[in-house]
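This structure is in structure tokens; I'll ask about it shortly.
When the chains are written out, they are named A, B, C, D, E and F in that same order, and each has its own residue count from 1.
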Amino acid sequence: MLITKRVEFSASHVCRNPLLTDQENQELFGVAANPHGHGHNYVVDVTVEGDPDPVTGMVLDLKKLKELVNREVIQTYDHRFLNREVEPFDHVVPTVENIAIDIWNRLAPHLTQKDSRLQGIRVYETPDLYVDYFGEAA
Amino acid sequence: MLITKRVEFSASHVCRNPLLTDQENQELFGVAANPHGHGHNYVVDVTVEGDPDPVTGMVLDLKKLKELVNREVIQTYDHRFLNREVEPFDHVVPTVENIAIDIWNRLAPHLTQKDSRLQGIRVYETPDLYVDYFGEAA
Amino acid sequence: MLITKRVEFSASHVCRNPLLTDQENQELFGVAANPHGHGHNYVVDVTVEGDPDPVTGMVLDLKKLKELVNREVIQTYDHRFLNREVEPFDHVVPTVENIAIDIWNRLAPHLTQKDSRLQGIRVYETPDLYVDYFGEAA
Amino acid sequence: MLITKRVEFSASHVCRNPLLTDQENQELFGVAANPHGHGHNYVVDVTVEGDPDPVTGMVLDLKKLKELVNREVIQTYDHRFLNREVEPFDHVVPTVENIAIDIWNRLAPHLTQKDSRLQGIRVYETPDLYVDYFGEAA
Amino acid sequence: MLITKRVEFSASHVCRNPLLTDQENQELFGVAANPHGHGHNYVVDVTVEGDPDPVTGMVLDLKKLKELVNREVIQTYDHRFLNREVEPFDHVVPTVENIAIDIWNRLAPHLTQKDSRLQGIRVYETPDLYVDYFGEAA
Amino acid sequence: MLITKRVEFSASHVCRNPLLTDQENQELFGVAANPHGHGHNYVVDVTVEGDPDPVTGMVLDLKKLKELVNREVIQTYDHRFLNREVEPFDHVVPTVENIAIDIWNRLAPHLTQKDSRLQGIRVYETPDLYVDYFGEAA
């Protein structure tokens, strides 16, 4: 069984690799390479896999999941310029792909129990563009 | 190929296990343990797996699927206080996890043909909390 | 200029007037008259009218609006059985019409300044049924 | 990792197999068999599987994906009467199942690289009916 | 107070005036002039103005409103090719503007009571294009 | 009759008035005052008032409206850091209120005909916060 909690944050980013020239960045990322940055309302679906506890009927304590996601993701990302204020985006391009990997890396160590382990991260950059990441082995 | 029909119902529930003390229920379920109950507009995605028939182009007759879901799920759950009016929630806590399992159990026996078998049930309790259940073997 | 903040709560209710017979209630309200109650995820749009302050660019301090709505509406309604736990629904039928009027009555006294006065309340009972209330004089 | 781009088109269709009688079509498809046709705002999720490039942080160039989907799907389907204007729907019933298969067949030959291959097509005919297709081997 | 009921139907249409040349129609309506037609999932918001009844708490009987909208709008429009099957679209171009006016004209004669009169019709042709019509005098 | 076209853009901004101290900005705007900026997917509803033309059935030519909104709004705002790249936000705080006023000011001079004049601008900063602006006289 999978249980998914959706959260949101607002952030800005630049899609630009400092190792490339301005022209290469422009060709690769188009307007998203604008160095002043632009922003999105990101939507994140955190999916946990497990079996409901026979007594509580819950896969995991949702209050604790909210606290975890708030502490590890929202407080880190919300209202931030990702390239300048959030590790590892000083040297990793904050594409929606890399944001999903980073959120996975922040949450997975805390969700490792057999009956409530992180299964996937979905990140919507806009309502019509999103990625799913299931960890390295997936 | 998967085909999914979405339906909705409105119901109320209490998240409370009668075997636990009031304090334990409060700690586990928070405000959801309020004994008078509270409610949701539940959204259910019923997913059937199969291959489209070469003549009709359909995995299954959608009119029949609607009748089945209406009879087995909507007429049972809609406008009900789940703990008092819907089996097995007199003794099973009606968390969204257990609601998904119960809907699976009601529909799966009717969707067992090789080319149109129940594949999954998704239940949204709110727009930002949902579960997926794929049956016992999944 | 109008500014609107959307909030949500989950509650249960019964549409039933104790002054009417069971049969009359059933005819008027249909399944919504089920005495055990049923529930909804209510969505409330609180609209304030005013002019943006030249220095701040804001019609009103949104943090204060959130605190007000949280204190007067969410803490009162969320996870409650309206007929039994929220005034005036012990004697007023908690239809979506009356819920909108009650939310207006709770918020309007706090939003009376010329440049930030309550303009309207919209309440969605389901995604396809909602009411708008603009106060008595409107 | 999966990345999904959502696009939309408006089209009309008739669900009717010319090899069947009028009565058989009516029984199978109901009002959808009306020979004058009717229409939908179709929503298509195109999902590509791959690993983000270490330099660009992207699974594939989204500008190129948009051009591909626009050329192969939108220009073919948008504002068309599918049965009369889009192959193979002169002889294949344009159910949502067959539309998903046809969109897969149009896109899959262009998305075959190990690091950016077509993984799935989801087509919504209405907000409460959709199919997922993952190709023949899936 | 306003109460709004949302309904949906699927239909196809051609935006083309038979009094104009093919080229004029093409210039005015673009791809929407394609004579084979194309379609949409139309969403209609029917808004009624009135005061809630002190006994029932309702502006009007929602079951009766649903029956009225179903009989006058859904049964007329759903799964139809508007230009050929629905009056007055044999001679009036079925733009979203004219569809809203026609729906108003069908419903307004039935909603004329002082405490429950038709106030407005909103029609969405797509999620990003809609019209509001409030009758001739508005 | 009103007709509304919805468009979207992604931008970043800082809610901070350079005439105030850091502490005053922090108290007024909270996390939105972070000087590096943050961003949103803004949604804009442009509403035009008029009567449908008897020949075309349209209030105005939607292709021309799209070109106008694209040229005056999207090309100006999309993928920009508003405080640094868009007039007048070098000296006006880019709150959602001021963004709506600025979009009105950009579009209103082009939509002044009696039968197709700008009626209102709605801007959503997030799905649960939006403003409506109807011009100075409204």
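Note that a residue touches a chain if its C-beta (ideal position, glycine included) is under 8 Å from a C-beta of that chain, and two chains touch if they have at least 3 such contacts.
Just so you know, these numbers come straight off a predicted model, no measurement behind them.
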item	value
Intersection of contact partners for subunit C and subunit F	E
Chain-contact steps, minimal, separating subunit E from subunit A	2
Over-half contact-pair match to C-F, picked out of the listed pairs D-E, B-D or B-C	B-D
Farthest chain relative to subunit C (centres taken as mean CA coordinates)	D
Reference subunit E; chain at largest CA-centroid distance	A
Distance between chain centroids, defined by C-alpha means - subunit A, subunit F (Å)	28
Centre distance in Å when subunit C and subunit D are each reduced to the mean of their C-alpha atoms	42
Per-residue multi-chain contacts in subunit E, two or more chains	127
Contacting chain pairs - touch in the sense defined above	A-B, A-D, A-F, B-C, B-D, C-E, C-F, D-E, E-F
Touching residues on subunit F, where the partner in the complex is subunit E	1-7, 52, 55-59, 61-63
Residues of subunit B that touch subunit A when the two form their complex	15, 17, 19-20, 28-30, 92-98, 100-101, 127-134
Residues of subunit B touching subunit C in the complex	8, 10-13, 31-32, 34, 36-41, 78-81, 84-85, 126-127
